[in-house]
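Letters A, B, C and D mark the chains as written, and numbering starts fresh at 1 in each.
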Amino acid sequence: MAIVLGDNRYGKAETRLVRVVRDGARHELRDLTVSVALAGDLAASHTDGDNSGVLPTDTQKNTVYAFAGRYGVGAIEDFALRLARHFVDTQPSIHQARVSIVEHGWQRLGPHSFQHSGAETRTATVTCDADGAWVVSGVADLVLLNSTGSEFVGFVKDEYTTLPEAKDRILATAVSARWRHAAASSSDWDESFRGARELLVASFVDTYSRSLQQTLYAMGHRLLEGRPELAEVRLAMPNRHHLLVDLAPFGLANPNEVFVATDRPYGLIEGTVVRDDAPPPGLAWW
Amino acid sequence: MAIVLGDNRYGKAETRLVRVVRDGARHELRDLTVSVALAGDLAASHTDGDNSGVLPTDTQKNTVYAFAGRYGVGAIEDFALRLARHFVDTQPSIHQARVSIVEHGWQRLGPHSFQHSGAETRTATVTCDADGAWVVSGVADLVLLNSTGSEFVGFVKDEYTTLPEAKDRILATAVSARWRHAAASSSDWDESFRGARELLVASFVDTYSRSLQQTLYAMGHRLLEGRPELAEVRLAMPNRHHLLVDLAPFGLANPNEVFVATDRPYGLIEGTVVRDDAPPPGLAWW
Amino acid sequence: MAIVLGDNRYGKAETRLVRVVRDGARHELRDLTVSVALAGDLAASHTDGDNSGVLPTDTQKNTVYAFAGRYGVGAIEDFALRLARHFVDTQPSIHQARVSIVEHGWQRLGPHSFQHSGAETRTATVTCDADGAWVVSGVADLVLLNSTGSEFVGFVKDEYTTLPEAKDRILATAVSARWRHAAASSSDWDESFRGARELLVASFVDTYSRSLQQTLYAMGHRLLEGRPELAEVRLAMPNRHHLLVDLAPFGLANPNEVFVATDRPYGLIEGTVVRDDAPPPGLAWW
Amino acid sequence: MAIVLGDNRYGKAETRLVRVVRDGARHELRDLTVSVALAGDLAASHTDGDNSGVLPTDTQKNTVYAFAGRYGVGAIEDFALRLARHFVDTQPSIHQARVSIVEHGWQRLGPHSFQHSGAETRTATVTCDADGAWVVSGVADLVLLNSTGSEFVGFVKDEYTTLPEAKDRILATAVSARWRHAAASSSDWDESFRGARELLVASFVDTYSRSLQQTLYAMGHRLLEGRPELAEVRLAMPNRHHLLVDLAPFGLANPNEVFVATDRPYGLIEGTVVRDDAPPPGLAWW
């Protein structure tokens, strides 16, 4: 019996990059948080303090900025592909690289003026090894609410169940969705993202919901139906409960008008929707 | 010499209220966080544990929900006025009441579907006593950025100064502004808010900035110029520094294209702009 | 009628400083977040973009680090006094300076090893002008709980009251307290802080509580009684509600054993306790 | 080709529970955040809105409170085992259950008085299916710092490397560690936790560090060496960078005394240490 090193990786997390494109009077802005994770022949750094295979995380950060200057950013999937490929191709000790990017949105107010869009972000995670690359795009903190068109009935009742059936309730959630592209080959990532996001939102709006599970599945199904370039989607959707306030002590009815929005606890629904002939995921979810 | 009770107040903070208006198929939604603070003849509760003048904070919360059911919400200024007035008028022990409301925005996606708008919020604070009421409206976390049209030169240099002068820089801030209405009398608060917000944004966009101080003053000045119903505005604007990355070690120029957005520390500019014939503030800022 | 500049100030907020004292093998560590705010003849920077009186916030940050190197830190009150005095004495345009410091605690694990102590922080705010200085010390996020010895009865009942009287409840709060020293003259600030904090904690533990108001007043009173160097204390204490869970539907009693700790809403009690012969506060609370 | 449901689970997240044991005058307190996730025959709820196999997340929450009342809490591993087993054993549709508990610490101040310990938490995750159970214990947000005894030299230098070698630096991290028990059979979980935590802290303090990777491995190795009941440990350790401030512009040396503690970006080191004869992990990390 021996004690040994298992899986490991390291990298620079949350490098904040704002890239301005200044071709003429009308500027473009991309605002990113970039995280890098690398793995490979790194056992000696753990067991012997031998850093001869370790590319410093500070260098990884520098590379993000230098690439943004030299090549620009473009779609975050392209930027992540370029960075991840670079680490694997130039560092003999590095066999896998994952670059995760969160893009913070800004709305245009003028030729060089912008307003921050809020909490919703676009995400991309690219993983590379010597043989290939895998691209996962996504959205996070997309907060949606239907004020009707949602019920929750017919569920299991056991001795600890006190929840009444609800024929008409508020359904609200903060969607986190990540979808795997069937191929990492060149694509119009921006167009793909816009289309995917639109399908998710539309299916949330259109679905009469018998549970958040059903809504989640409808969203994933619609996404894959509408976007042939995608193989799989993973969704995590907290149920942001809106509880009907009992106004009877004050002599008032409450016909689904007055709600308390609660912070904790919350239901959390997680699910995957996938094509049955999807290519294997490889390192997509590494 | 004696040890005595000084200023004091108490109340329920951060009551979360979502109010749906369901007149027909097209719903309206208002999403509020309501905080109440009350003061008056409350010394005995502190010094003797005599609660005979204390309206429980739980009752204050109930009142928020009951009023939302009975009267609806409407503009947050109106809702705050109604609540603040109620506490002062119905409780003999309560002489001042302050109701502060933060409204979280939702964009419409369909007749009963909405998307959360993000971090920016609309605010209102109403203070009442037996004689009158004071209304302060505002906006918080309105994050704005100009990618050019900003400089910072001609400042004091002392022995601890290393900052180079900047002829062209990014200017970004999260505006918190609160403006005092000259009168608390009935008004179209929603229209007033929309107009005020628009002036703040427009002046940020239009102002060539020699400092964030100058931008702050220009915003406040434009607000009062354009909205005669307002007497005073208080602005707090953190300087969300975007530092130019030195790419020279990598053989690259950086002509104002690649920036690191930093979290801390940050400059913080606070200032008031006021009419010289404004009515006295009374309890507006209590 | 004219629109004019009112009160204003500016400075660098949240400069993060860790100062190690390395005299011999046993190191000392002080971990601070320092915020500076300055005011004076700064109208021209607002109205004309004339920065000739503006000491950059970047310079203020540099000064924090340089002073930490040159003089060390010592008690945070001393460090804040030194910094605030410097800005007023060396900058003709600056007439008031406020330096606020939050100290993050570390427990010793070895001669040069430490463990972070958690959320509780020690605070100091020093304000200077040409004539004098005012020192306010304090504590924040000191979270205390009594699992019995607390009741809440005899309160006002109106038509919106549903809260039952409680003869035995959990009382929990996160104490934020700031106490004003009668004089800013040299003092053993560390000893004063330790003594003050001990009195606050002891009075929370010892007081049979008829309301959080009563506990707040008892804490402030005990503090001033025990520390003659202090003139006034301001306390803000949120009521971190622990609600008894109704286990009756499951055939179980709940004799004050099972509670849900709620996030929002929460009661918020704010109060001042002061000596009736205290010197005037001057700029202490500026 | 078809679009199908893949992996999925659901449950109630972040149920806040405070349990007081009141045997006599000296109370005991356990403060937990409990999250439940369930999986099984749940396809119909996703695809057909058929909730006949869905135990509501509200019922899961009720079960947490009811079990706390009926059985008490004890060690969080025991409480999680009891809950996870219950869901699998009583619900025909549920085949796997995971219960994750975060315990918030309180230090004793008196017979029924406590002070919150801060950010560090103890964690346990138990997963059950029909055949067995797996127990993972851990610690999170354990923030440690060595002010010397750390270097980082001999690393890869490429064209993007600007980091100088450091012979003496601050090493600080927030340890998140989760260790898998070889068996889920009855054990003194509290004693095991105390011993494990002590080994992690001691090895951080004792290790002369050539990199955070080396420190991570040393901590994991020491843990498994000292605790035969443990099979594997997974560590995630952000490098909380403390950068030496350049005081040369102010005519000052900085012999490792004045540092800026940065928020972002940060290095992130993740690694597993495992016995080579460890039993297979089963659902431990599900």
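In the analysis below, contacts are C-beta pairs under 8 Å (C-beta built on N, C-alpha and C of every residue); 3 or more make two chains touch, one makes a residue touch a chain.
Predicted model only: the values in this text are computed from it and were never measured.
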item: Fraction-based call for subunit D against subunit C, same above half, different below; value: same
item: Rotation angle (°) superposing Cα atoms of subunit A on subunit D, nearest 5; value: 180
item: CA centroid of subunit A to CA centroid of subunit D, Å; value: 23
item: Where subunit A and subunit C are represented by their mean Cα positions, the distance between them in whole Å; value: 38
item: Cα-centroid distance, subunit A relative to subunit B, in whole angstrom; value: 31
item: Contacts with 2+ other chains: residues of subunit A; value: 15-16, 62, 66, 160, 162, 249-250, 263-264
item: Interfacial residue positions of subunit B with respect to subunit D in the complex; value: 159-160, 162, 249-250, 263-264
item: List of subunit D residues in touch with subunit C within their complex; value: 15-22, 27, 29, 31, 62, 65-66, 68-70, 106, 109-110, 112-120, 142-149, 170, 201, 204-205, 242, 245, 247, 249-250, 252-263
item: Residues of subunit D defined as touching subunit A within the complex; value: 1-16, 33, 35, 37, 42, 45-59, 61-63, 66, 90-91, 93, 152-158, 160-163, 209-214, 216-217, 220-221, 224-225, 232, 238-239, 264-277
